[in-house]
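Next, two complexes with subunit A in common: one pairs it with subunit B, the other with subunit C.
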Partner chain A sequence: MSSHLVTITRSLVFVCLALLLCAALMQGLGFNALLMLTSVAEGAFLRPGAIENSLRWGLPLFLSAAGVSIAFRAGFFNIGAQGQFYLGAIFAATAAHWLQGGAPLLVIPAILCAGFLGGALWALWPGLMKLGSGTDEVITTLMGNFIAGLLLVWVTSGPLKDPAGSGQQASSPVLAAPYRISDSSGVSATTLGIALGVGILLWLLVNRTAFGVLSGLAGRNGTMVRWQGASSWRIGLTSFLLSGGLAGLAGAVEFAGPTGRIASGFLPGHGFTATLVALVANFSILGTAVTALFFGGLAAAALYLPIMAGLPAAAIEVINASIALFITARSRLVDRLAGRKETSS
Partner chain B sequence: MPPDSPAAAVAALDCRDVTVRYGAVTALSGITAAFAPGLIHAVVGQNGAGKTTFARVAAGLVQPAEGEVSILGTPIRTGHVSESRAAGVELVHQSFALPPSFTVSEAMEFGATGRGGLFTARRLRRRWQAHLAELDVTAGPTQRIRDLPVETQQAVEIARALITDARVLILDEPTAVLTPAGIETLFDRVRRLKASGVTVLLILHKIREVLAIADTLTVLRAGQLVDGPRPAATVDEAELTRLIVGQSDPAAGRSGAGPAGQPVSPPVSPSVSPSGPGASPMVPAAGSHPPALGIYALRTRADSEGPALEDVDLEVAPGEILGIAGVEGNGQKSLVRAIAGLAEVESGRIMLGGRDIGPRSLGERRAAGLRIIPFERNTEGLSLRSSLWENWSAGALLQRPLLSPVRPDHLRRDCAAALREWQVRYHSPAQPAGSLSGGNAQKVILAREIDEAARLIIAAQPTRGLDIGATAFVWRALRAARDRGAAVLVISSDLDELFDISDRVVVMLSGRVSGRFAPPYSLTRVGAAMTGAEGAFA
Partner chain C sequence: MIDLLIAILRSGTPLVYITLAGVIAQRSGVWHLGLEGIMIIGACATILGIVATGSFALALLIAVLLCVAASVLLWVVIEKLRANPIIAGLGMTGLGLGGTALAVEAIFGSQATVSAPFGVPRIGDSFGRFGVLSIFVVALPVVVALFWVLLRRTRFGLRLAASGEHPFALRSIGGNPSAMRLAALVIGGVLCAIGGAELAGGSLQFFAQGMTAGRGFMAFAAVVFGAAHPVAAPAAALLFAILGTLGIRAQLLFGEKVPHDLLQAVPYLTTVVGVWLSSRLRGGGDGGGYGELRDR
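What follows is the complex of A and B.
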């Protein structure tokens, strides 16, 4: 447990380094770096209502990032969270469309389940290809993102098109209020409960089940686990389906929660930020929760940057990218140090 | 210079008070030794004695906490590879370091200079062909490293190390991966290097090899210099064994009972082979019991891991140890993979305890009592970056449903108990398996694979790279399992070991069984079956 804390603390040091780098960069470009950092802090956590706003972005991020962690732990580089998130949203919207008029107590769980199912299906085919014939899942899941993005365009401008839409952005009709799990603030007892419940279940899965131990082993040395009699299908497919399903659930939560509809190209960076969150948290569930909140805060702060520091909102993308840079550099560094230790006798 | 006056000239490698610490562990303490030039020096000791660390200090890879190192009379700054290199020290690692995808000439070029730059394949080939020929390396310059047999890979490593006019060549456990014939070739090569004036340091732990090649001996034990360098001619096998192991047999741990309650016998050198103590071979009685393992007319397809098996017939009875002899690469791996269900079987049957396990997965085979100590300890046997308790519990957890609850604290506790029983030296069950020495890592695998429910234990090269103490421990454990009624299939390239432990020996050659032997074994006849000198079916 304490070693987990050490890893996460180390990650956060790298995150701070990345922030400092961005600050230096912005200062060099003629902006006020101090103002930028304070406005990020204010927008994320300090302003009244900022925490709520950070949760709005952090909750779906947590769900997707937890999914990414499950796959990465087992050694599968599922970087298709974005596509799985879209498919989850599409399935959820479709379920909502079909079940219109039903009792909310039944329809809402159906929407969430449909979302999970959609995401899981979008991870199923890369999983089958990987386990069946060794096709690189990085390629398939990445391509899956683009296909899912185009599918979303088609669905929102075709079958689920909002008849009252202005035509500016293709989108589905807004979900009727009784079926919404939160208002546009994204924070409600339901959304918090979903995140908390999923978090607890996943923590138990990773830390207290045979799957947790075995998938961790398989991720570090699949050969060894195979010689112990594991079928790569059992652990592998479970990981893929769960990973995609969680991103899909995030899509459903986003659809039935803050956004209230699906629109072509909505939340475009969600999957990649989720992957980043999982990397920063080093695939621990608890760490993912904390980190997702932090990145949710950055997303929330993006809206304040133009107002407070005169920076474009896209500056947050620069911050995210530098964090990604530092985190990947960190894993290389740690690997090399670990590798050096192993050879000494 | 005569070998019995090693300090007469300026030493090739002179270490004074070298101490190395890894965190709280002292790997070397106050080593002072001078190695005379132009000789073959053996540095011997058990696993974890500090041999590799010593080699790495000399090569500048490890910065000692204290101490000085001089090469050919010139003091060098310790902990700088470039300094050691410039002074003429080259180290060939235990695990090979050449990039598998490189051609031989590429490996030579970039291993030598470490620089990039423009080059043409032809120029590289021309540059290195002569060097390789001079050292009698059979590999063509355009062959890729990964396609070479192990012996040749090692020869290329050595050739790479000798590019820069090395005066002191250190080989770390060079024989661990070699067949007996390969070892002979290596030793010839080393003797020729000596003749050309190179000082060679061999890190070794097999006594017979040490006495066959070394001019001087240096013994390390638990990071301390026990003896040497002293002329090899003044030491015999028994004394060397005593020097390496020490009086109290540290590898066997506390005096008293072994893992299966067997008394800890004084460690025997694996090269000394008296008839197995109390070995009572149970020759399979036809009809009464089904054999624990029965393989009938087994054929497999050849793949990247080994040749095809052709009509292999084998039976191992409960309470019997069957030894598989043979030069490496003659189907032993295919056999183990077929029994594990990881190779494609074309025809024939594999029976476990009288039941055909052909359609069964490895998980189901394990549930039926199959246990495997695989060839590759660090990839197939353990996940080095995972904790000890995870490695230890993997097999048992796989027999449960995926979502079954586990208590990590209980697993850690049980793992600690098992590792203590198996005399593994470790700090905490949460430490990564990669932090253990080879012998201790192997004991972790034994602790996992040899349990009460084991009916058939496949032990593939179970003592490879292990020191005397750990080797004796492995054999004791396998004998104990045999005496409990388990069937044991041992694959080893060390014939002395195999003759010592096996109730019967089967020889494999090109995917076939080329000989079957019962004690007393004749080295010549088994050797003939291994090399195909005669169609010896006994």
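What follows is the complex of A and C.
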């Protein structure tokens, strides 16, 4: 239990350090750093309705971040959450397009399943390459992000183009109201239920099944798992598919929920932030939920800052980037701050 | 035809400089995913520097200093704080993109682009239609040749390769892989500054938020596709630039029938196929020999 506390303290120390660094940078550039920090807190959590707004961004983040956690736990460096998220959204939108006019009770689950399938497929080929030939998954999943982004541009300006749409950003038609799982606030019984259900299932999977134990072990010591006779193919492929599928599900939730359509380049930082959430939470499912809410709050604050406080939204980007820069650091200083001596892990 | 050649050279040059930065980092054992961020710092500093000082040389100096500072920061995080290079690199990319956007908003308010009265010096009218090319374009073959000599024909280059491929071997002869990586990242910082300066000041003469538009990652793809070879990787980058320029031309000529977006994916697809084939040929490889470095 105390090791959990250490992990949590460690993550908190890094997040605080990043906030301080960003505040210093803002002060140096001539903005009021204190105003920025209080505005971020206000926009994320304190203002009435802010929590709901944070949930709107935090829910899809949680799903994608849980997926990233599954892959990282098993030792697979899947940084392709963005691409898997896009493919999930594309598949969901395609399913919605084909099933127009069906009973919502059937169509909505189909949309969500299609999203999961799309994301899983986009993680399948890096997984097969990794397990079959040892192709580095960092490269394949990273390239997959860009290919998926271009695929999204093509789909939204071609096959699924909104005929009434105009303006700069190509997008699909808005999903009809009966098929939406939430309004633009993104918070409804359905979206909360999905997140809660996924959270519980994943917690059970990670903490109460053989797969959870073996995949966690595979991430730390793959040789040992092989020696124990477990199939690295089965663990690996399951991790990849589940990881991509969850990001794809997030894409489907985003499509059928708050956004209501897919648009070229929508939510561009989603995958990166989801990876951050997983790293800050140190791949624990419960931690991911809490951390996703925090980063969802930052995303909500990014919209709040320019309008209410007159501060540039890029400040949030800098906060996220600073956290990314330092979160994996294993400095003795931070370990001491977190009350831990140098360990081998 | 000459127009096309000029267009290719102009779009390819920034990419090639960034690719060289990626090559030297990769050979020293750092997967450089911060190229995008350091490049945009270079682009931003060049344009803001020209506006502030009125001198291109001074502006370039500022850009170089800032890019080197960012590279040193990345080195400290990776080597001294032992952070994961992939995540730290992505963080540096975010820091560059967000930081430059912040800087522009701090100085100019909510202004999307900043224009400079002039850009990188051009080679001049005595070269006819090629006179619009900047000095960095013309210097490119020389830079690549010097780069090849540095990496393949000097003691430094050998030690650099050792620090990436077999750090233990380098340590055993008293070398210091960490110091080699610092040198590689600093040289890469200078190259990123030049690449950024050429991007913003070569033919455009303005800075826009996020104007690097994924070039850092395309350069990383070229590094991987070109197996971090000092000539093959820049050649791959040039190939990507040719594909991009031809794609835009084809769409201008034939309209919507050409799926331009999908053509743009060709560099990434070829990289994936190339990496997959090379790992197959190696037979279930160990992540290009960088496994030890990546998973530290």
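By our rule, the second predicted complex is superposed on the first by the 322 of 345 C-alpha atoms of A that agree within 3 Å, B and C clash if a C-alpha of one lies under 4 Å from a C-alpha of the other, contacts with A are read in each partner's own complex, and residues count from 1 in each chain.
By our rule, a residue touches a chain if its C-beta (ideal position, glycine included) is under 8 Å from a C-beta of that chain, and two chains touch if they have at least 3 such contacts.
If you're wondering where the values come from, they're calculated on a predicted model, not measured in any experiment.
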| item | value |
| --- | --- |
| Simultaneous placement of subunit C and subunit B on subunit A, clash or fit | clash |
| Contacts of A:I79 with subunit B and subunit C, given as first, second, both or neither | second |
| Touched partner set for A:V213, first subunit B, second subunit C, both or neither | first |
| First (subunit B), second (subunit C), both or neither touched by A:H97 | neither |
| Contacts of A:R10 with subunit B and subunit C, given as first, second, both or neither | neither |
| When both partners are placed on the shared chain, which of subunit B and subunit C touches more of subunit A | C |
| Partner chain in contact with A:I235 - subunit B first, subunit C second, else both or neither | first |
| Subunit B versus subunit C as contact partner of A:W227, first or second or both or neither | first |
| Region of subunit C that runs into subunit B when the structures are aligned on their shared chain, from 164-172, 236-244, 254-262 or 272-280 | 164-172 |
| Intersection of the subunit A residues that touch subunit B with those that touch subunit C | none |
| Residues of subunit C that touch subunit A when the two form their complex | 31, 33, 37, 73-74, 77, 80-84, 86-88, 90-95, 97-99, 101-103, 105-106, 110, 209, 214, 217-218, 220-221, 224, 259, 261-262, 264-265, 268-269, 271-272, 275-276, 279-280, 282, 284-288, 294 |
| Interfacial residue positions of subunit A with respect to subunit B in the complex | 3, 205, 207-214, 216-217, 220-221, 223-231, 234-235, 238, 338, 341-345 |
| Subunit B residues within the subunit A interface of the complex | 22, 27, 47-48, 51-53, 56, 62, 93, 95, 340, 342, 361-367, 372, 374, 376, 379-386, 390-391, 393-395, 397-408, 411, 430, 432, 434-435, 437-438 |
| List of subunit A residues in touch with subunit C within their complex | 25-26, 29-31, 77, 79, 129, 133-136, 138-140, 142-144, 146-147, 150-151, 153-154, 157-158, 272, 275, 279, 306, 312, 314-318, 320-331 |
